[in-house]
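As structure tokens, here come the structures.
There are two complexes below, and they share subunit A, which is joined by subunit B in the first and by subunit C in the second.
Take a look at the complex of A and B:
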């Protein structure tokens, strides 16, 4: 741990205990509440979750909402912090928190503790990453990568960034908690590393995990003297968000939630007693998660279910928790259909989906991107998850566009399942302007010691590109299922107005 | 798609050596190749084509040529056996057809020498009618033209003897489009009896000399019917000429990649972004040659899971370390990155995301079909489709030996599924019993997704390929194997 953070070191374990307790409890509650089949609760990496880490893009909106003064303060702070972080990162030895953190999670999970009201469903995503078999097998893999990353980050001679995406590289993903700002909450520290290592993965899972962690931040918050809660808490949250962004760019759903939370915080009346304000905010977060994710998922699963008929062959790409929920729901209703999971390197998230569905007894076929043109011929419907849904198209895991294109060619309807929290007013025409570039090292095939790519950094002029998302043009998408109804992509802005104004 | 590992595999090297060895009985060489093909120790178009050519050269060398039809029959038999061993390697069939074409051509030249003094009219009419007439009256040119006049099938044309010979000839040859010819199941080639040829459709009887480089034009060397060939006594140097013809085919195989690379500057301009798929020597040579003159960027899709290893090896710049006892020219080849070209390796899934900035897609192919479609490594279809969605031109590089006169009636029969271990590793063995895994090796790309073919003869539109095929294969050889006739 960095010397600068020694002050926080003693508080950290207890904080983490509390976080973990809460997570576990929430999970149990939800498992009973949502009548989930236990197998499905245990699937970690949701294949949705879009992150366009353009934190900056959020800034203008915050400004309107929470006042200029706050904004400028936050901005100045952010800049200062970034500079400080950079310095620290360069000077400090890498301390990998992941290993320690992983060990602690199960250990603490048995304890009970004070619990916020109605901890919602999606908590499962946070933990399941480390409990489900599929995620476990990928864990060592990711950890190894986290060590490899800094080596690549110091190129020395040649710029290995792909020129087309130079604007997306930013600074390399943070691999340790070392150098994090001192007011970053320990729970946030842990979550950042989990997101970075894809333990918490998927747009809605990350959004929910972030909100729950922010709840912990709010609970442990005390307003310093000569400061007001709305003003100071916003600043504090901003530094938490900065840390999360440095681990992995945040998703659009996270951005939407942050924007909402900041509005709620700024709406707190200064005269409200602090404890009252805090518990109000926590209640609001719980309600938000329940309405926007938990219940929304059930509604979407039910609606999408009407589109599944006996004898259907349903293709999906990678892994989306909402698509999984839909398919499982259809299976529980006794519909007879077959599922084709198409997957792609390097994340191979679809494998977890295929495994989970097959364990339930569904008929599952698994293929990779190269087989799309073969399996599409049997397919009757394509279900896709979303990382974000724009009026110009679907922004989702890279490769989704290939599936949608093939489906369009084969005259197979493409149905997108997407909570309204993932809808965005942002528009994009290509996959270049907004995207996320993951560390190139993830492309190196693990397991074999003599993978030819392991020396790629030494080869001049060779670049590896590991994109996270692509944009599927709206013309390939036949319908979008949201909790507000089934809409065409062009109606996305309408739903956004509906969901934010009411 | 010859990958960097597959161009001259050890299996091919040893096979070519054993075939060259005069002590090896020919039958054991044939069996050897059949088992190599069945075990897929020789795979991909180029190694298959070369192995077939080696073997057929040996077959011709060892065959005691009593008459040419016997030789043709022998080559056909061997070809059928090879095709039965590996029906998806259409390059085998292509080489067998080429060799048959060489034999027929040499035999005709031979006959030319014997029967001197054709009239101009005879030479013109001969190509159309050689099938049925020659069989009846093999030796007399005058009789041939009489027979032509009396032939019921030729009556329409022979009623107007004043028809301009060249136009007529040109017109008559056009129907021998290979795309059509492969429909024709009636014409079985060499061993046609005279009765049978009388009844057969005239179209399929129009025999065409091959247009193999170095061959002579149709007018000066009228083809002869198979039965006529049979009655020929083989000239003493016939065998040597045929072997020389096969040698030419082998040279063409060896030079094809370089010849294709010669056209690179006509297609690649400065500062382009080129996307390619799989690692192919043909494409690499093409790009490398252009790299000497121009700067551009190559985006290389890794083609997981069947070709990613060779792709990775190619972009890193080392040919695959399979201990090859022969030093291959490819291993001395510079990598693209060493030539100063920026190479971006991407997973296959990112193809669509990047396509809008790609100027050209250059693909390698496994086989090219008569309608201008092609069979390439799995994953190529979505690449080509994404390119056509973005209006990005797709260029396919293919040696002429990959052009097959087979028409894709049943695409599935050309497809092949590979080892599912590429899709699912042993670490996930628990899923094997519950989940179905598929690992296709090939994709069929319809002709409308391809903008240009570059062969060793130059660039062609997909719609023109039939003509090149017609130039290279004889109509009577289109259908080698009854089993494969409807592919």
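Take a look at the complex of A and C:
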């Protein structure tokens, strides 16, 4: 139960901290209640302190019996340790984070003293994480944190985060493997950096790469004495995932795959010999990759091909491997059609797609998003890839919504190609609540010292926003091609039920 | 009322049997016969019934032989008509039903008498087949009865004082309006048709039926549709088939009615039995294999030739168009009132 529950929360970057929170859920609830209720009532400091102490003292008493909660406690301790570690090596991020709330923080901390206000999740999880580890050590720790806050809000340094997206910034992406946890597998270390630098990029590619690397983790795994594989391996995997998240927030498909893998690991019978269990798990991963990605892609490419006819002009945005496969398949079948690749900075992924298709012998037109209202006139169909697909819309590379909306305006049908592993029951109505903010420096044209943005940090009142994704509302999408069939966006939950139950 | 068609069907095969020998049973003529003899029967049902008669006419064989026989028969049937969408709803459904029954049957037999070998399995298949033939009839009957259930549900839409806009010769619409009239609802009907010179033969039934029940009916041409819309409460149409995204294939002019109703914000209801749901997902009307030519460009010299062709076409199937889901307010089936997007869910339920 516990592993699958925590896996659910791996799915999104911004939920990473919620994961940490949830793991420690049992005691945390008690602790945080103790923290908040007296605070809001406005009772004195002393009462607050004693009440909390009491509550916290109660916690271990209740705990001692159940094995599951013991496990949670161990996990919580681990997380607390990791959080402390993180803070040690990157004092800066923690400070930055609090600085985002500089408006309210000083006032609050003045009122509530060392116990601190109800700060945003990010800072809270660190606190409560350590709280659950042990009430004694946590108090000075917290004090240090809330003292750091006013220091960060020092007037000289301008906050370069865009206020509307402040909740998305989180930690800056990890740049080196230094400071990674000691139990992170070398292959995972490498993959993290590759993902960070977009060497491994794209929802499915990252998902597959992660699973393959996890296979190596499992292969080189030995269960420590007096521990069981289902229990220990899950924890080990969690630390690998935490490292990957610190490099770049994980995708929905990765989250889905992790959730699946954790369930599979927890299903391993404790009596199975370790070598057998390991090879079984590796086989399961292979099957998963084959069924959910490799074969699914072929099925989707075939199904989507029914919608490509001679004389079509197909527009696509950026680069999606599944759209590429569909177009290549159509070309292989001898269909005569033209492709318009619309692309946008800073990643310019569409260049690769345009080149690959042109090398095949297809007629390809390449355009940037500013030319879209012009090229949409020639288009007969729009094919889009997905980062994630929800019943309320398509979550994909930023700029996709623009393409879909232009298509709707021009009455051109929009077709989304997407494996079922990318479907999610999450609901998003806009691109603000969930998103990924990439480093702003990527927007600056590299190797050009005269670029007007090269010294943007020093320009007062200038902020750069580099979002990764946007949401295309479902009304702009005509159909979604999955390996289960062609469906309207509203049927996404049905396919999720289908693909996870069987 | 529902029993005669199957009786008739079983009567047909023997008559065609002596000509071609027992294995070749004329599926296409059976299908056409069913459609022409019973006006209440829809295309999907007719297809199912003709497939059942094919099964009863062919000698019992193995499961895979039965399935491949059905498959070839289905494609033969589909090829015989220009617009096979409506019919394929029935054949797909039947095939699906057959496969799932066979799977269930074989799973049960495997469970109960696991160790018995092929001879036992063969006997089981025969039992399954007999069961299938009996139940297949029942299936067709039930599908026919669903019209009454729809009338019961959709009747609530027709309230006192409302004006219903409709077109085409849908049997379900007739059933709904008839049920409302019999309940004593006071409503009026605006009936849109192609030409104004009297009632065309197809539409006559529904209009005279309503007149007989003392329901005031105004017949208009499609050209007068926009002008008459302000006086209308809602539009109610039938469908030949309902596709996966919730759009409908229906008589020519339905799409136009949907567009106009949408533009003035009048509800546009579709009544259709759920056996008309078909697993096709078109991007637009021209993405459907309708086998018809909406536009036929010509110059004066070709005009005479064209008239000649038109005369020939009239003998064949009626023309249809596609109404996209965004124009449809709700689809009423025997299981209740659904949004267009629920169609795909229903279909997935059947297929997986």
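Here, the second predicted complex is superposed on the first by the 352 of 502 C-alpha atoms of A that agree within 3 Å, B and C clash if a C-alpha of one lies under 4 Å from a C-alpha of the other, contacts with A are read in each partner's own complex, and residues count from 1 in each chain.
To be clear about the criterion, contacts are C-beta pairs under 8 Å (C-beta built on N, C-alpha and C of every residue); 3 or more make two chains touch, one makes a residue touch a chain.
Just so we're clear, the structure is a prediction, and the values are computed from it rather than from any experiment.
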Q. Sharing subunit A, do subunit B and subunit C clash or fit in the superposition?
A. fit
Q.
Touch test for A:177: subunit B only (first), subunit C only (second), both, or neither?
A. neither
Q) Of subunit B and subunit C, which one touches more residues of subunit A? A) B
Q: In the overlay, answer first, second, both or neither for which of subunit B and subunit C A:346 touches.
A: first
Q: Go through the superposed model and pick first if A:479 touches only subunit B, second if only subunit C, both, or neither.
A: second
Q. Now for A:488: first (subunit B), second (subunit C), both, or neither, which partner does it touch?
A. second
Q: Scan A:457 for contacts with subunit B and subunit C and give back first, second, both or neither.
A: neither
Q. So, does A:375 touch the first partner subunit B, the second partner subunit C, both, or neither?
A. first
Q) Between subunit B and subunit C, what is the tightest CA to CA spacing in Å in the combined model? A) 17
Q) Which parts of subunit A are touched by subunit B and by subunit C alike? A) none
Q: Please name which positions on subunit C make contact with subunit A in the complex.
A: 244-246, 279, 281, 283-284, 287, 325, 341, 344-345, 348, 351-352
Q.
Please output the residues of subunit A touching subunit C within their complex, sorted ascending.
A. 307, 381, 413, 415, 478-479, 484-488, 490-491, 494-495, 498
Q | subunit A-facing residues of subunit B, complex | A | 302-306, 308-309, 312-313, 315-318, 335-338, 340-354, 356-357, 377-379, 381-382, 385-386, 389, 415, 423-425, 427-428, 430-431, 434-440, 443
Q) Which of the residues in subunit A come into contact with subunit B in the complex? A) 137, 162-164, 344-346, 351, 354-355, 358-359, 363-375, 397-399, 401-402, 405-406, 409, 430-432, 435, 443, 445, 447, 451-453, 455-456, 459-467, 469-471
